[in-house]
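In the part that follows, the structures are each spelled out as structure tokens.
Heads up, the next two complexes both have chain A, just with different partners, chain B and then chain C.
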Partner chain A sequence: METVPPVPSGSRLRKIAWHWRYDEKRELWIGWWTLVVFYNLYGLLFFVIARTQPPPEPSLPPSEIAQWFADHHYGLLYGYALVFIVGGATAIMNATLAYTMRRMSVSRAFAYSYLLIYALATLPGMLIMGVVCTVGAMRPDRDPELLSWLYDFAFLSFEGTMGVFLIGSLVWMLAVLLDENRVFPKWFGYLNLCNALTEVVVAPAWIFKRGVFAWDGEIAWWINMAVFVTYTAVFLTLIRNLILREDFGTGPLPDLESDRAIDAITLGTAR
Partner chain B sequence: MTTVAGAGPRETGTGRQPATGTIPHERPVPGQPDMWIFVLFEAFVFTSYFTVYVIRRTQNADLFLQSQGQLDLRVGIFNTLVLLVSSWCIARCVQAARDGEFAAALNNIYLTMLFGLVFLVSKVLEWTAKIEHGFSFTSDEFFSFYYFLTAIHFLHLLIGFVFLGVAVHQIRTPARRSQELIETCATYWHTIDFLWVLIFALLYVMR
Partner chain C sequence: MRQADGEVILLWTLPVVSLIWLSAFLLFPGFVRPMSPTMSAEEVAAFYRDPANLPRIRYSMIVFNWFAVGFVPILALIVLQIRRMAHRTPIFSYAILACAAGGPTIFLMANLFWLLAAFRPMRDPQQTQMFNDLAWVTFSSQVGFLIAQSVILALAIYLDRQKRPVFRPWVAHFNLVVAVLLVPAAFVGLAMDGPFAWDGLLSFWLRNVTIGLWIVVMGVVLGRVILQQRAEDEAAAA
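Moving on to the complex of A and B:
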């Protein structure tokens, strides 16, 4: 059996090389870093390069929609080309999220259903919008009526279909609340409920072309986005803690050393 | 948080056994602290909705005032009273469970359900009447907010029945009877009551 040398001190590169070679949690860290990199890239590509988020107004007339495609021509083409390249990373991300449920004491059905829902949700949550936007951007000289059709299709397929994530959040919520292995704190289960409820709030985007309930509205988009960003930041942190605590057993996960210290101070006992 | 480690039901002077779990006076909040994080987060989300409502109302004061006149204040007051009574019942249920009076706790939780159901039926009847009078989700901005806020609250109330079901299951099963879980379910119910009071004030009362 190979002897594992101690973690090298000094150069960060050498530490990374050590972890790559000897860390038994290597695959989990790859999954976690994929999540972190993907969400950052997602923000960069959708908000900065393609500039499809925050979404433009749904009430624009065809002539202004044609202008919108002309103005976003390169951003849409290059932005979504990159989205398609990194889109496959969702497989690793979903697997990492499903792993959290596999580590719980609950049935594996939770992880499987979550994986299936999110694998399908990649279509309305990312790919359809990308394909339709690039089709529109590729030939900006198309009839504005046709571009208007593509515009509605792109944004409704993305903003209006958040409901597909509703069941995913509820599956994760149930798993967390039923789990006895303390993989995540129970409040994260309830936070999933909050997130699930905001997915319902998007539904009026199918009815309204302007106002707070339209796809760019304060309620249908801005508040939901604030909740989603908070939710994402929370689960990234909790998954990181899970990996740090992971003992590859089947029972309850041990606490982090820092949590034990806090408990000792709170309870006035040293364990 | 301090728990009664390994504590089973404790004997009381009356021979009744209160629910197990943490000792109320040693806990920072009733029920799981996790539920209170949910309460705070939901309060943040609803405060955002209310803020948007108030801003839009300020920008269209005449329209909002005119449409608000179509709502029947008596129905709003009735709904509020019904939910307040349901909250009182769930509070009595918690107290009864603490005292080991599980039959009374069950009766109170069934009463909570009954009043919750009355609220739901009343809300559906109110919506139906409004739609029959031509006031739908898309009639004007006030009614969009009216249907949105009452519907999202309605959804919270439906979820509340799941929590009440969990509490009933806890009380009916002698091996379970976790006081902490019963209080957690009660906390959720109080939250939707609290949110309704705010919705009622904004939609029906504020002029």
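Moving on to the complex of A and C:
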């Protein structure tokens, strides 16, 4: 066994080098940082560069859809090119989420189902929209009727792909509720249910072109986005805690030192 | 029949599938001299309507449809090697499994668009052009899972800290270079001609030659590891 030097103080680069060399949890940290960086990056690409989120109205006539493609020309082309380069990062992100279930006391079937479902989800849930928007933006002089079909294809594949996220969240929920290794608090199981329900209320986007249920509506988009952002922020925090507590055993995870200290103060006892 | 023998059989599907892919690639008239994005809707429609092209388009794409997932067993063999590495978690093997599912599905989508364009070549030329655009953009721009696959494999190799690592470090370096060479193809929507266009030097030739090179190099590296393992298992059993 080689001796492990203490974490160097000073430059961030030297700290990263230390973790790369000695940190037993580096694989988990690579997964976690990929989650943090890429969720932010996808947010930036979809909201700021491609500007396809928040989504435009489904009820536009073909001539205005052609105008929408013209207005978003470079944003769509550059934004989605960047999405295509980094889109594969979802593989390691989903692998990290699947690992949380692997660490639970539940069957491996949960981790495997989640991994499979989300590996599949990347395509209709994100990449198809990019391909179709790129094709739409490439030829601004295309027949507006065809542009209108591409527009529907892009936004409905992105928002109308529901089942993969619905079943995926339910698998995670069930795993959290059944787990005896205390990987996540039980309330996170119910938060998964909230996320799953957003995929139910988005279904009318396939039917309505105007109003709260349309793909740009207050319910189908705004409430769902608020739930999704909360859900993501919560599980990023919880996974960070999981990594800090990880002991690479198979039994219940230990508490964080800081949590123990808080318990000792609030309960007046040291465990 | 030992487990390793089955793996060797799967390994030998690699040259067979490669040969089939190469034949289908040469059979498709749109690849030999890659179609230009500057072709007008009428020219694209004429390409699909040409009686010399149409059967070749259909037959080559049917072959691609059969064998698009043909490399999945090879990726599964790579996953098995990653599981032999000195890691603390299965995150890298899970991630390669996720890539193995994503990559071929994308290629199948491009394949469907080409087959759709060829199914009714007498359609309005604008529609044929749209299917042709969808096929080419899906085919060219979707390098994400291939990039991720190479980067994850490289990370897994770098972190395989044991006396005799499964793959040598150069395999990781090679995979990182491959990942970089695939990046330009993602920008295919931005250019109608020149190196970034879908028939261009970077998006077509560099990308496809890189993928071919990855298959050959990883096939040889993987083959050596699997055969060596089998020999060691036999020596241990004797």
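FYI, the second predicted complex is superposed on the first by the 269 of 271 C-alpha atoms of A that agree within 3 Å, B and C clash if a C-alpha of one lies under 4 Å from a C-alpha of the other, contacts with A are read in each partner's own complex, and residues count from 1 in each chain.
Basically, a residue touches a chain if its C-beta (ideal position, glycine included) is under 8 Å from a C-beta of that chain, and two chains touch if they have at least 3 such contacts.
Since this is a predicted model, take the numbers as computed values, not measurements.
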>> Clash or fit: chain B against chain C, after overlaying the two structures on chain A?
In response: fit
>> Going by the contact rule set out at the top, does A:Pro185 touch chain B (first), chain C (second), both, or neither?
In response: first
> Looking at the overlay, does A:Ile16 come into contact with chain B only (first), chain C only (second), both, or neither?
Replying inline: neither
>> Output check: A:Val37 vs chain B and chain C. Expected answer is one of first, second, both, neither. What do you get?
In response: neither
> In the superposed arrangement, which partner chain does A:Thr134 touch: chain B (first), chain C (second), both, or neither?
Replying inline: second
> chain A residues in contact: does chain B have more, or chain C?
Replying inline: C
>> On the A-aligned overlay, A:Thr122 touches which partner chain: chain B = first, chain C = second, or both, or neither?
In response: second
> With the two structures laid over each other on chain A, which partner does A:Thr198 touch: chain B (first), chain C (second), both, or neither?
Replying inline: first
>> Touch test for A:Phe213: chain B only (first), chain C only (second), both, or neither?
In response: first
>> To be precise, I mean the smallest distance between any C-alpha of chain B and any C-alpha of chain C in the superposed model; what is it in Å?
In response: 29
>> I'd like to check the shared interface: which positions of chain A are touched by both chain B and chain C across the two complexes?
In response: none
> Of all residues in chain B, which touch chain A in the complex?
Replying inline: 2, 32-35, 37-38, 41-42, 45, 48-49, 52, 56, 137-138, 141, 144, 148, 152, 155-156, 159
>> Can you tell me which positions in chain A touch chain C when the two form their complex?
In response: 24-28, 30-31, 76-78, 80-92, 94-96, 98-99, 102, 111, 115-116, 118-120, 122-123, 127-128, 130-132, 134-135, 137-139, 142-143, 146, 150, 248
>> If we count contacts the way the header does, which residues on chain C are in touch with chain A in the complex?
In response: 37, 87-92, 94-99, 101-102, 105-106, 109, 126-127, 129-130, 133-134, 137-138, 141-149, 151-152, 155, 159, 183, 186-190, 192
>> Quick check on the complex: what are the chain A residues that touch chain B?
In response: 185-187, 189-191, 193-194, 197-198, 200-201, 204, 207-208, 211-213, 218-219, 223, 226-227, 267
